[in-house]
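Only one structure is covered here, and it is reproduced in the block below.
Read from first to last, the chains carry the letters A, B and C; within each, the first residue is number 1.
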Amino acid sequence: MFYREAGQYKTTYAADQQIFPIRQDRIGIGVILVLALLLPLVASEFMLSAIAIPFLILALATIGLNILTGYAGQLSLGTGAFMGVGAYSCYKLVTIFPEVNVIVHILLSGVFAAAAGVVFGLPSLRIKGLYLAVTTLAAQFFLEWCFIRISWLYNYNASGAIEVPGREFFGTLVTGPAAGGISRYYVVLAIVVVMTLLIKNLIRGRIGRQWMMIRDMDIAAELMGVRPLVAKLSAFAVSSYVCGVAGAMFVFFYLGAAEPAVFSITLSFQVLFMAIIGGLGSLVGSFFGAAFIWILPILMRVGLPALGVDIAAETVFQVAQMVIGALIIFFLIVEPHGLARLWAIGKEKLRVWPFPYA
Amino acid sequence: MDMLYNILIDPFVQMVDAPDFLIQVVWEGFVAGVLYALIALGFVLIYKASGVFNFAQGIMVVFAGLSLVGLHQKGVPAWLALILAIGIMAILAVCIEKFVMRPLVGQPDIILLMATIGMTYFLIGLGEVIFGGEPKQMITSELGLPTGSTAFEMGERGLVILQHIDIAAAVIALLMVGGLAVFFNRTRIGRALRAVADDHTAALSVGISLNQIWAIVWFAAGIVALATGIMWGARSDVSFALEIVALKALPVLILGGFTSIPGAIIGGLIIGIGEKVGEIYWGGLVGGGIESWLAYVIALVFLLFRPQGLFGEKIIERI
Amino acid sequence: MNVLVKPAGMQPDGETAPGEVLLRIDSVSLSFGGVRAITNISFDIIKGEVRAIIGPNGAGKTSMLNVINGFYHPQEGTITWRGKVRRKMKPYEAASHGIARTFQNVALFKGMTTLDNIMTGRGLKMHSGFLWQCLRVGPALREEIEHRRKVEEIIDFLEIQAIRKTPVGRLPYGLQKRVELARALAMEPELLLLDEPMAGMNLEEKEDMSRFILDVNQQFGTTIALIEHDMGVVMDLSDRVVVLDYGRKIADGPPEEVQANQDVIDAYLGVSH
């Protein structure tokens, strides 16, 4: 009824190829962005710091993984480690060049993660599928080991952890323990929105199509002139870059301090679950998945006591884990393509409403 | 030069100088390898019968071990706890078949893999809710397993100490492999199982019940998991940390091939011995602790030269 | 590596005129382990013709296409492409030489729409850099639109406008085959290899496909080599036919001649020994 594209004629290919060809979608995304901008007016510090900020950062990490697994079809179990590379390089950069703006460091730190990604992506030229999972596991455990053993990475701190110093951006403190939730939120929001847009562009262009060619039918892709080396390694590089930036942001804007255990395989799995539940090969799904996995346990922690269920905090965590595990299986059975596909089906139904088919 | 000496020559000098220590290290690696192999065996069983890469095998090991110890702590006698634990694995197998495998039949491998990752998450949560998160001591002596050790003198050159429980682990692993080989090759169910592994639809069309076969296979994997859990628990504790260790089955399988039972054993031993020897003789050069990733790197290097695994045939790509 | 670098039609000196030999296969043999797939086969493809490769199942037809494609590397023999002997090369290089193909079992990119699938065929002709593509302005945007126009021409030509934005996985088999042809055409190949373009089609779909193949050949001047089992189609479409059996060539010539060849008849109908 209100979601119908009748009458919206496209007269140029440019108009037909825009990200949101349907006017209602453009309005919708505009409303969401405005709401996101206005959120700090109504949200408490807890909502910003414990929900909104990590949600956005993890959504970005999920997008990073989605580039590799969802778009280029290379299964990765090493996301956590690549995020760690970003975080540790950012920490080193910030402490070595304290005068340079922290945002520059955050964006640069992804480059180191990309380099690590390319190195561990090299075997993907010979190895496929599950076998590749071993490569990424090697990356995960090897890099984790580096974070523990190479004390230069954490400036020889006795604690073995990295602690984020306070840094300003346009005169406002955005990192460190004293930074307020609102300023951190806006910086995170800006980075995530801009990077999502750039990646969306990449995916709907030549490079993105190459990734999907490799994913869907690698032999046909090669016979059509795609160099597997270039396509796969570029996917590893871009994916790890995004994950690295997300990792740096995770520490600098959310945690404030981090020890190597943060970037363990648990984080890799968490991000993988976000990608699966959201829908592999979908950017909007990455946001759905991150929201789902991150917010569900928090809702349960807040919600269950409110409902009069009296359980310990750690039990809530365990129950949440069970629920997430069960939901993953449920989703795979009901809709293997995740929330994004449900969303797409919903929109298709709306377009032809009140009829069941077009 | 020093560096090269430390990497290329010194470790071997050490090995020759102290053969008793080397044998001890290799033995430790061997036992660890047996346990990797047992976990890998669980993977292979399920992979053979349903083409599913069962990520949850590790947590099944933990779960089985926890059930056994947990029941005993509640006052159940050891023998009864063992029987009940087997019962729990049977129930688990039936549930997995009914709620996960059956609805997902025919889906791409990657979806099934992810389903087992979901299962892992669920079982970790469930295990912690029921049994609590803290590590537990395995009831080794209550189960009648040997706990002592024997020292072998090597003349002038020192002595090697073998834990009886380790020997028991090796023997049990051997019996299990033998039993599975007989089960696969000599029984009616085994034949049905191989048929299912080859082609689900074809197996169905000749009257084999997929559901029944899968439940049986998952149950068999559960028994293997229980044995692994007991043996592993006896060496360290029963804890959820084991779940990460179980990931090492992946490099083991890559060496040995996903469908080969002897491959799983040999792969397990290579990885187990390789990482122990590597850690002891080379790990010190980079600060130690390389055991956490050496297995994966061994598998990775190996894959680069033989992408099809140790026993696999050369892959000819077709279009 | 002595491979040709420029795509078709870009090099005046490498240009092959109609009627000249475009591709020559000289005593090529291919085996996998101990199994011989192709034994000492020679034939040529002339610019502008429709060349059929036929033979019973397992005769080595698809292997032959894979050799031409650079996907399999023959142990013996040479391949001459536009007058130059081709060395061992990577499969992706064949595409830049101007060789495109369709596959026996449809090999579309299942997760993408028809439009995107055909756009993939333009990949080699797009050159805008990484950063431009991130921003999708300037050359990247221009390129995207310019190639979209080209792709729309092909969509019109093959009459698949209605399924432009449908994910190819949802299309019926006949249409998938057509999209695959569109994707190959988008590469503007000099030599188009079609591996059983009409397998599994009904009569109507076969007629459509035959018409498209002839149109491609006549309107664009594309040289076509095709494998097909339907003899009626082969006889109608092709200028020359090469017949393989058990990896050997048993006949080569115009359709009528091949049809009358005793060896061919024996290969298809069997002989009593």
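Keep this in mind: a residue touches a chain if its C-beta (ideal position, glycine included) is under 8 Å from a C-beta of that chain, and two chains touch if they have at least 3 such contacts.
Given the structure is predicted, the values throughout are model-derived calculations rather than measurements.
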Most widely separated chain from subunit B, with each centre as the mean of CA atoms: C
Two chains joined by the most C-beta pairs in contact, as defined above: A-B
Central chain of the complex, centres being mean CA coordinates: A
Subunit A and subunit B, separation of their C-alpha mean positions in angstrom: 33
Euclidean distance of C-alpha centroids - subunit B vs subunit C, Å: 49
Chain centre separation (subunit A, subunit C; CA means) in Å: 41
For subunit B, residues that touch 2 or more chains besides their own: 317, 319
Subunit A residues counted as touching two or more neighbouring chains: 219-220, 223
Residue list for subunit C, restricted to those that touch at least two other chains: 71, 103, 107
Contact set on subunit C toward subunit A in their complex: 69, 71, 90-92, 94-96, 100-101, 103, 107-112, 116, 119-121, 123-124, 126, 128, 130, 133-136, 140-141, 143-145, 148-149, 152, 183, 187
In the complex, subunit A residues that touch subunit C: 12-14, 17, 198-199, 201-202, 204-207, 209-210, 212-213, 215-217, 219-228, 234, 281
Residue numbers on subunit A that touch subunit B, as the complex places them: 75, 123, 126-127, 129-131, 133-135, 137-138, 141-142, 144-145, 148-149, 219-220, 223, 265, 269, 272-273, 276, 314-315, 318-329, 332-333, 336
Residues of subunit B defined as touching subunit A within the complex: 53, 99-100, 103-104, 107, 109-111, 113-115, 117-126, 128-129, 133, 244, 247, 250-251, 254, 258, 286-290, 292-293, 296-297, 299-300, 303-304, 307, 317, 319
